[in-house]
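Got a structure for you, written out below as structure tokens; questions coming shortly.
Read from first to last, the chains carry the letters A, B, C and D; within each, the first residue is number 1.
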Amino acid sequence: MAEVVEKSNIELVSSPPGIEGPGFFATSLDKVIGIARANSIWPLPFATSCCGIEFMATMAAHYDMGRFGAERLSFSPRQADLLMVMGTIAKKMGPILKQVYTQMAEPRWVLSMGACASSGGIFDTYSVLQGIDRIIPVDVYVPGCPPRPEQVLDGIVKIQELIKNESIRRRSRPEYKDMLAKYGIE
Amino acid sequence: MYSNNGPIDYLPIIITALVAGGFVVTTMFVTHIMGPKRQGKVKLDTFECGIESQGNARIPFSVKYFLAAILFVLFDVEVIFLYPWAVDFRNLGMAGFWEMISYMAVILIGFLYILKKGALKWDTD
Amino acid sequence: MEEQELLTSVETKLRENFGDAIISAEVMRDFPVFTIKRDKIVEVIKYLYDEPEMEFRFLTDLCGIHFPDNKGKELGVIYHLHNMPKNWRIRLRIFFDLNDAVVPTLTTVFSAANWQERETYDFYGIVFKGHPNMKRIMNVDDMVGFPLRKEFPLEDQNREDKNDAMFGR
Amino acid sequence: MPDKNKHNKTLAETPVVTAEKLEEKEYTILNLGPTHPATHGVFQNILKMDGEIIIDSEPTVGFIHRAFEKLAERRPYNQITPITDRLNYCSSPINNMGWHMTVEKLIEAKLPKRVEYMRIVIMELSRIADHLVCNSVIGVDAGALTGFVYVFEEREKIYEIFEEICGARLTTNIGRIGGFERDFPDAAWAKIHKFIAEFPKVLKEFEKLLVRNRIFMDRTIGAGSISAERALNYGFTGPNLRAAGVDYDVRVMNPYSSYEDFEFTIPVGTNGDTYDRFMVREEEIWQSFSIIKQAVEKIEKLPKGVFHADVPDFYLPPKEEVYNNMEALIYHFKIVMGETEIPKGEVYHAVEGGNGELGFYLVSDGGRTPYRLHFRRPCFICYQAYPEMIRGNLLSDAIVTMSSMNVIAGELDA
């Protein structure tokens, strides 16, 4: 029997900073909501090409994205928190991607996986949209063609950091409104 | 054997009802407050896999959908009446048994009628 | 080798029935290649389909090609036919002018040609007369110009971050 | 022709939609749109349905059209291999090697036996990976998710073998024109032997889960069936055609890369429905598995160390030679800058890909880049028959039919 490692390397979710006293613990509502949202992301896999197959490997048992709370995929934008755009987005697909992003419920985040989604990748051609940030705001870019599953999981962890540190009222602030107005999304 | 069950014995039921109802109300209230509200015309449009929807959904659909649903409700209600019988199965003895059998027999005849009329046949157009 | 015999056998058969419609016949690498007049192409393929000794009953491939510099014959369509039982493969080519790029459709003989003809139209602007659904298949419907022609630029035009100096242009 | 599909309606009996018939009966229009989970990403079907039965379907494709053929006209021969990865990205080594063989046919290069056997090992491994994805996704679309998770574990092992050899998992860019960029490391051989030892057990488990499963058989037998004669007219090749009853396989019809030295049989179905396609792929996995075993034995008998042919105009000389002697440096420079002379000519070479006959039609005018490169993409050609295959079936049959045809978006919208 392998000797038991004293300090197991599984790092539990650290509790948020807050005031601790005998028997009580106080922290801000933002932090609590942030942790709840970060560890229960429902991704919408907008998988179009090769990155979609690598995403299947990320979801399968070997790399298991379920460890990060993102087990339940939602194919309808109504119940999705995270739009994962994976693969090449052609110009024919642009309006569809923008429509799906607009119909997602707030608060919503976008992870652009792969070089094709982030910048058109090796396909600098007449029919490919050179990067989805031309039509929708993107939070995290994952490089690679296709990125290894570990890189995708690193992108998910970065999204979780974003969610944890985001204040609840960000989505109704004027800066957010005119940032979206720049993309023509009201 | 029976303790005189005064109103105090209904307390647990009331507590569970309160907790259940309370959970539903609070979560709806909290999400209503917490969730940012950004209503736009495009967002409120029906989700059609990313393209604009054409035509409306309110067109007549074939009756077999409705039949399947209503027959399920019917046989589901029948099962509900079996529960009290199952609880007091021993004391009701043979008399109760034959009553339930006749009850189920009546519904079984209805079921056979449904099968013969082919109400549940799904593949016909 | 047997391509040569296949070439001669098919060529003699075609010459008998279609005479001057067969412009040239040669063997390239391991394929007998026939260049045929444009308006006779569907009859030739139907003949090769029905003829008991020929029986080319499988359309392997259909694609367009663009040679800007040979005048009068800029655009071309290339058909690959395959006789599966005897494993014979031949290639038919037709060439025609850029301005009247109209070719009779092959969907009457092979349903496989439906989308391939739409793709050839989408890439080269070759209209297939009699095609049930002649419109673009790959690109956005309101796209102007035919992308696989030689003069059409490859790169995405509204991309401003790529200055030519870095790419030696 | 399977006279009855599973809803005992022959194709003739299903209501043919004529213009006036349409008006008098209101049909529901369902949009099986681009982001539907079962369309594997990017196909759109406007289904005209009467209740659950599909009357007509109008597919739209081209949602990830990336202009492969235009791109290939601007890249020298060595740089086209990364494009071919992204054609059928479930089995990219087969596309790479198909492309390399096309160029070798153009320059008439002769490859040593060992290189051809190594190529066969890689191609058959990627065919197994492709069929594993397709069969497990048929299970997922019919509701059996566990098969998918177990079988993907095996696929990771195949990915690890590819990683040992060429460093990449999915888009492998494996091999060069004339052979391989380096010999297989011992770790790769060890992993191949481990894979050979452990794979059958998991595959038997997967087969026990689905093959005689009552629900799976009811869902797939008779769903989306096509007759052999219609399949040939639609230009079907590969497992979809073999499921319809025609035993056409490019590895047997025109053997390339010395496939003739191996004994393997071609599984053939009878009525070309989803269950037959599933079983044909299942049997092909076993055949590919036995080919790999035969190839590994043959390679062990051959002398070690040979991993590429002598093709100076295309094969980059090894780095230590480039830095030491002048001639290799000149060759290296000429190949990279594309100054080597490339023969003129037209070549068509077909390879048995994961979905059928993957053909490369290369027209070269001796220039640095191909004058015209056309990919014969089996998915693009066989997806045309989708409306005819699902007419008269239910919507759930249409979903299972689509995943059983293994239509890969990258190959379809090349």
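One rule holds in what follows: contacts are C-beta pairs under 8 Å (C-beta built on N, C-alpha and C of every residue); 3 or more make two chains touch, one makes a residue touch a chain.
Computed from a prediction, not measured in an experiment: that's the story for all the values here.
Taking the mean of each chain's C-alpha atoms, the chain closest to the overall C-alpha centroid is D. When you average the Cα atoms of each chain and compare centres, the chain farthest from chain A turns out to be C. Separating the CA-averaged centres of chain B and chain C is a span of 62 Å.
Separation between the centroids of chain B and chain D, computed from CA atoms only, is 47 Å. Inter-chain centre distance (chain A to chain B, centres taken as mean C-alpha positions): 37 Å.
We define each chain's centre as the mean of its Cα atoms; on that basis chain A and chain C are separated by 46 Å.
The multi-chain contact residues of chain A, meaning those touching 2 or more other chains, are 92, 96, 100, 125-128.
Contact of a single residue of chain B with at least two other chains is seen at positions 49-51. Each of residues 33-36, 62, 65, 67, 70-71, 413 in chain D touches at least two other chains. Judged by the touch criterion defined above, the protein chains form a pattern that is neither an open path, a ring nor a star, and not fully connected either. Of all possible chain pairings, those that touch are A-B, A-C, A-D, B-D, C-D.
The residues of chain C lying in touch with chain A in their complex are 138-140, 147, 152-157, 159, 162. Looking at the complex, you find that chain A touches chain B at residues 33, 76-78, 95-97, 99-100, 102-103, 105-107, 168-169, 171-172, 185-186.
Partner chain B is touched in their complex by these residues of chain D: 7-9, 15, 26, 28-29, 31-36, 44, 50-53, 394. Note for the complex: chain C touches chain D at residues 28-31, 33, 57-61, 63, 65-66, 78, 80, 84, 87, 89, 91, 110-112, 114-116, 119, 123, 136-139, 147-148, 152, 154. Interface of chain B with chain A (complex): residues 34-38, 40, 42-43, 45, 47, 49-52.
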